[in-house]
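Dropping a structure here in structure tokens format, bear with me for questions.
In this document, chain identifiers A, B, C and D correspond to the written order of the chains, with residue numbering beginning at 1 in each.
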Amino acid sequence: MVPPEWYLLLAAGVFCIGLFGVLTRRDALYFLMSVELMMNAANINFVAFALYYGDLTGQVFALFVIALAAAEVAIGIGIILVLYRNFGDTDVTVPTEMRW
Amino acid sequence: MILEAFIAFTFVAALVVMVAPDEWAGKLAFGLSLAPFLGSLYLWSQFDAVGNALTGGTIAFESRIEWLEVGGRSISWFVGLDGISLPLVVLTTFLVPLAIVSAWTPIDTRQSQFYGLLLFMEANLLGVFAALDFFLWFIFWEAVLVPMYFLIGVWGGPRRKYAAIKFFVYTNAASLLMFIGFMSLTFALGDSVSSFGLPEITQAIAAGGLGTWFGFEAGTIAMAAFLAMFLGFAVKVPIVPVHTWLPDAHVEAPTPVSVLLAGVLLKMGTYALLRFNFTMLPDQASALAIPIAAIAVISVIYGAMLALAQKDLKRIVAYSSVSSMGYVILGLVVFTEYGVGGATFQMVAHGLISGLMFMAVGVMYNATHTRMVGDMSGMADRMPVTVGILVAGAFGYMGLPLMAGFAGEFFIFVGAFGAPSLPYAPIFTALAMFGIVVVAGYLLAAMQKTLFGPFRLETDYEVGRAPLHDVAPLAVLLAAIIVLGVAPDIFFEMIRDAAGPVVEGVSVDV
Amino acid sequence: MSEHVPLWTALLPVLILGVTGLALLLVDTIRPNARSNTTLSVVSALGALASLAVTVWFVAEGTGDVSTGGAIYLFADAIKVDTLALFFTAIFASVTALVVVAAHDYFDDHDSPAAFYSLTVFAATGMALLAVANSLAVVFVALEMVSLPSYALVAYLKKNRGSVEAGLKYFLIGALSSAIFVFGISLVYAATGSLIFSDVAAEIESLEGLAGVAGIGIAMIIGGVAFKTASVPFHFWAPEAYEGAPAPVSAFLSSASKAAGFVVAFRVFTEAFPIGASLVADVNWVLAFGVLAAVTMTVGNFAAAVQENVKRMLAYSSIGHAGYALIGLGALSGSAAGDSAVMGAAMAHLLVYGFMNTGAFLFVAMAERWGVGRTFEDYAGLARRAPIACTAMAVFMFSLAGLPPFAGFFSKYVLFMGAIDNGFVWLAAVGAINSVISLYYYSRVVKAMFLDDPESSSTLDTVDSRPTALYAAVVFAAVATLLLLPGFGPVIETAEAAASALF
Amino acid sequence: MVDAFAYVPAIVLLPFFSFVVALAAGRYLPKGGAFGGIAATAGSSLLSLWVLATVAGGEAYNETIYTWASAGGIGPTDIELTFGLLIDPLSALMLVIVTLVALLVHVFSLGYMNDEGETGLPRYYAGLGLFTASMLGFVVADNLLMAFMFFELVGLCSYLLIGFHFREEGPPSAAKKAFLVTRFGDYFFLVGVVAVLATFGTAQFAGDGSFPALADQALSGAGDVAWVPGGLELGTWFTIIGLLVLGGVVGKSAQFPLHTWLPDAMEGPTPVSALIHAATMVAAGVYLVARMFGFYALTPTTLAVIAFVGGFTALFAATMGVVKDELKQVLAYSTISQYGYMMLALGAGSYVAATFHLMTHAFFKALLFLGAGAVIIAMHHNENMWDMGGLKERMPVTYWTFLAGSLALAGIFPFAGFWSKDEILYEAFVHGLNDPLLLGGWVMGLLAVPVTAFYTFRMVFLTFHGEPRSELARDPEPVRWNVKGPLTVLGSLAVVAGLVNMVPVQKLLGIDGIDFLTQWLNNDFGGIDGVSYSAYNDLLATYGGYAPAELLGLSEELTLLVAAGLSLGLAVVGVLVAWRLYNVASPTEHTAKLGGIKDVLYNNYYLDELQVWTAYRTEDAAGGADTFDQGIIDGVVNGTSSVALAAGSRVRRIQTGLVTHYAAMLTLGLLALLVALGVSGGWFL
């Protein structure tokens, strides 16, 4: 059996990749996808440790997270749509009218 | 329940006036404000307090209703009067109707709001002097600031906004400091008190209830609390060097507001100093007697010097208030009956006299539209009665005998000069007394330049006598000042009765 | 509660809100093209008030209270109804009621107001669910139930660039935060093997080797909470979101949503990561919250002091208030009495804040409706045209500043005193200094409305409509702010009782 | 028998009522309320005479009538602040003098004010009434506090009356100066009053519990005082108290260096000057020392200071009077000088001589001022003596009475001033032989005699003799009965008043019983124990070692003769010099011969300049304080808010508007949180 630490490391890696994407991508869609990656990192943990502990909570919760992530994407796409309509771009650094 | 009715009536009156039409709001407010005055006279006639409310004396018109409990201590509606608060209540109710009448001429916009706020402030002022629960007191204390903020900010002079915000933020910051100071006391008292009633707290402290808290010794906490409260109240009084909001506020405030600001609001500070710092923590007060006395003396002389440098009549009177309040501080810190009693008496006396001065300057301003010393001269030629009363008031300010100011100052001096608890008392007293010379200097100089000499004022209209309703309040005030100067005992007797226990709080080897 | 009533009825406040949301959808479905703004507003207001009424009744009856047999657990302990939950539900329901009433006028001329009401009520349902959550899973789900409608609400004015920009920023930061949050939960799960609070708490004391993992997880959960409460360093969305969003939405988010964040925080950190256990696991989250509280209030207040836009000022002030409320977590000392006092104080502050802050934002909504502009200068002389509303606004401002005649004074007072009692003098001191600063910028609003003269006599001519519902909401909030002063006793007692059940 | 003392309050209150009446209804009354004032002062005079007679009958009165305030003092008992009446020979005498002069001044005012068509008469008579009332209140005061109160009221009234012509520039300024300078003195007085109350717990003048009595007991070890500041010797402390009270005296009685207000006070109407100089304000200072002489007798140092200041002032003021051109100015300096004599007398322990001179001076100085007033009426308010001359023929009544007053002032036998001044110089001399300070006072007093005589007669000659030097003087306006009447009364008194106390005659000729005043003040007719000449003499002998010495072993009679002869001779010399220089048809100014001294004298030794300079420097300091206040203190206040706002501006810049920045900062924040938690939790160990 793979030791749980490995899963942790894998999840952390995925999380960091997602985070890296969030910090470097300026396109809203990339941003969204990166967040998906981060959430999936959490899912890795849930599933792995559900197995490790032998209870189903983690597994079920992973499904919940996937569903919520989908809902989030739905909302996100909607917002990106109106963003495009109003600003003519999906670059998240364009709308800076409100600051300070 | 009479006190509740008394305060509640004033609140209701404020609301009624607030919705009255502007045309007769002033007269309505005057009529309504007479009721609290008569009420206070009734209270006076029924007054039966003995001793100091805080140190276990009999409280007149005592009323206590539990309100809520916070952190194991109950907060209640707790009001009552003693010999220190009653004179101030009477002063307040006496000055407000006069201030309202004096507003008839200068206030020509949004009258109903103006008078409503004035009455609202009166109600809160009465609350400040009557409250015996810390929280209740603090609520009234702070609630006074709100109407004042509007009164200065809306109806004031050219720099009214600056003055209003400065006043508001400065005094609120001070209140916060004071609040923290007081709270640290209650923490150090721990379980020895179960309420925020001022008498309970005072007596618990006197009984040695202060304990250690957070590793600080009781003495350290008491000293820190004393300093915090002193600084907090000092702003309100105001004492040098935290006085700078006062001239700005006074100069910008309309006349009736100045009258109440100088007449009553400043007394809140000294009243609170007496109640909190000097009654609750007498040992700390006498330990700090020398610095406090030094500050008092500096306030007297420095305030007078500043007044000397001013060209605006209102600023002169404003700075001289700083000076006068220095006497009060000196009287408080010496812990003698004459000192503490005299300080209290001086609060009333100064309230009347500074009220008179501001009002008289205001009446002249109504006619001349200037307050600058250099802009006019010989006003006595055109406004003989107003000037006559102004001169009389100015002499009252200088401490002319048989006027209220002299009585207050003299009591303080007598009490302070040989005070056993204040080292170098004679020197401090003598230095402070020199203020009576400086005050004469600047008031006489200002009067000579503006009131006397050939008449000169550049206006495009004829400057004539002031209307009766402008002058009448002046005359009433002057009469009150003289009555109080000839017969100070009408207040001093009860003040003394209440001040005595405060004095006993300090044990000094004579 | 008597024996024969089924246990699930304890969830009635949540259910009422949920059903109301469904009913709103139904109304919209039946008459999709008709402009049924009034109907929607009334339905949602009735639903919120019904929920509020039930909540208050439950509190009065002692549902979930120690005196009546303790908290009510449902769904395999995933749900826990206690006084804490009810207390917060009352806040959510009150704010929701105010907001939907006010929205009637605000969205009067909007194309499709229906979605607004349902989104708001669903978000409120999510909050109420959040309040009763007893499992990290429920917390996350409920949190998303709050967040997702909120994103949509902020971006509700689709053609308004500000609204869209606000929505985008809120969404992006929100998505990132929830990812961090859920990753934190996963780490805690990895370390403890459970999501139920009490089980987590039991495990966390006996961690071996995985303490660091749990620690990182807890830190990430702090991050998620900080996002919801708009606390530093997860606060960046707040100024923009509150400024750009329609004002009723800002009111809703800054009052109810923030409170929702706090209910999570209070529950999770007292039940899942109790202080003692956390310290055993080398996770000093009290200190972390203390620092966050201090930084948050300082950042919020200092930035608010120099704003020109009233709404943005309120947004920063809202961050400042989050800092105050964080004292409820940052000033815990481990002694049950002291802790319940300070946390109860924070709860009471949130309740009072719910009224005064909602009122303030609704006033801004009214100003937006009048079209007078958004800056302080634009508010100049407003009191002459709208004295009652401006008086109410003055009440909100002074109360937010913590001046004594208003409820904000007491709540702030008990909060700071609780902190001092627990030995966190420094936190109280920072709070006090910030209060003075806040007085400055709050009084600027009052100054503008009452003291300043309008630029020209015609500037305020637009202030002629009388949005009745908005007026009612604002005045009601003001009255509540005033009445909470004499009525503060029951509030603080309930809050302390609720908090004491947590320790 | 009706008790006269029951009416003593009425003596004070009658003029007070006239004040009220004139103020309230003066404009509706004939003569602007003058008759009310005349009636009131006349009534007071009669009552005073009755009181005098009663006191002569052996009675005295010392009662508290009103408690002003009362509270705990430093000692075990309360300090009571009271009003009361002290009627003994001294105050009874003073009452008569004050009411009499006040009455005459009122009458004279009819001519000076009403007939001249002045406006504001109600205000004038109100002022006179209050002035009289205040002074009378001061005279009957039975304690130091009450005395101080009325003392201050007197100051107020002087302000009001000196500044009567407020529409001009000069009078308001002079009024201000008068009040301010005397206020400066009163400051010390007030400190003294407070010190007395603190020390003794009482401020009563007379009786067993009075502060002089307590002080006596304390010094003699028979009693103790309530309080003495930090380790001071009793005697030292009493001296300090004495000097403090003396401050007020110096101010009001216009002694060096606080005399500068008095010449300026000539801006007031002339009758007011008469009242101020003769019987009220200026007299108050000397009266005060006399009143509490029982205390001063205990502190020889104070007495020596008093004597020296008095002697110096006498000479100093006299020299300035020499060069003045205006009638009233000369009189003003003569007043200062004469009060210097009285102080000298008091300092020399000669209570009787001082009182004597106070009385005679009251008469002749009132006379001179009213006479000057008559001249001023005649000259249409031109006061310059160089425009006068030759008025002798044109206004004989004024001339002869004025001459009588001048002779008295110059101290020419047998006019009133001779007797009193002679007694002062004698007493100063015989006591001064033991005390250099006192002797210095005497020397200066003696030197002032010829100067006084010189300027007095310079004034007389310039005004009345020679040829008229202006149109006005050739055709002066006639004066009426209301001017002549008071002049006549006072003129007679100036001649004969000296006869009430012919001590030298008694001593030389051995005629017993003609030293009426001495007997009077010695309680020979009755009075209060401990408040008498002989009691004071005992105290002086005990504490100050005061005893009359004999010059070079000469007998008392010879010493007396030498002293009297010396002063009379010097006075005559002065008169003769004046005669020589100015009693010519067309006198010329001889002041040029004085050279540089002239300027100094003209400018009053530059003391006014010094005071003005002080005032300006004070104003500069005030300006500096104001700058400091606005710049530094208020600057800190405003700076605090600026700093806070600047900090806020920094903080808000964090919010850049770029959402990617937010994400980055959020991540950094989370990292910081992780690190902080990790460090505090020791995860990295």
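A few points about this structure:
Going forward, a residue touches a chain if its C-beta (ideal position, glycine included) is under 8 Å from a C-beta of that chain, and two chains touch if they have at least 3 such contacts.
Just so it is clear, the structure is predicted and the values come from calculations on it, not from any experiment.
Any chain that touches subunit C and also touches subunit D is listed here: A, B. The interface with the greater count of contacting C-beta pairs, when A-D is set against A-C, is A-C.
Computed centre separation for the pair subunit A/subunit D is 97 angstrom, with centres defined by C-alpha atoms. Taking each chain's centre as the average of its CA atoms, subunit A and subunit B sit 65 Å apart. In this assembly, the C-alpha centroid of subunit A lies 26 Å from the C-alpha centroid of subunit C. Look at where the CA atoms of subunit B average out and do the same for subunit D: the two points lie 37 Å apart.
For subunit D, residues that reach two or more other chains under the stated contact definition are 641, 652, 655, 657, 659, 663. In subunit A, the residues touching two or more other chains are 22, 92, 95-99. Those residues of subunit B in touch with two or more other chains are numbered 169.
Contact between chains, per the stated criterion, is found for A-C, A-D, B-C, B-D, C-D. Within the complex formed with subunit B, the residues of subunit C that make contact are 341, 398, 403-405, 409-410, 413-414, 417-418, 420-421, 423, 425, 428, 432, 435-436, 439-440, 443-444, 446-447, 450-452, 485-486, 488-489, 492-493.
By the touch criterion stated above, subunit A contacts subunit C in their complex at residues 4, 7-8, 11, 15, 18, 22, 28, 31-32, 35, 38-39, 41-46, 48-49, 52-53, 55, 57-58, 60-61, 64-65, 68, 71-72, 75-76, 78-80, 82-83, 85-87, 92, 95-99. Residues 19, 22-23, 26, 92-93, 95-100 of subunit A are the ones that touch subunit D when the two sit in their complex. Contact residues on subunit B toward subunit C in their complex (touch as defined above): 67-71, 138-139, 141-143, 145-146, 149-150, 153-154, 160-161, 164-165, 168-169, 172-173, 176, 180, 183-184, 187, 214. Those residues of subunit C that touch subunit A in the complex are listed here as 137, 140-141, 144, 148, 151-152, 155, 158-159, 161-162, 164-169, 171-172, 175-176, 178-180, 182-183, 185-187, 189-190, 193-195, 213, 239-240, 243-244, 312.
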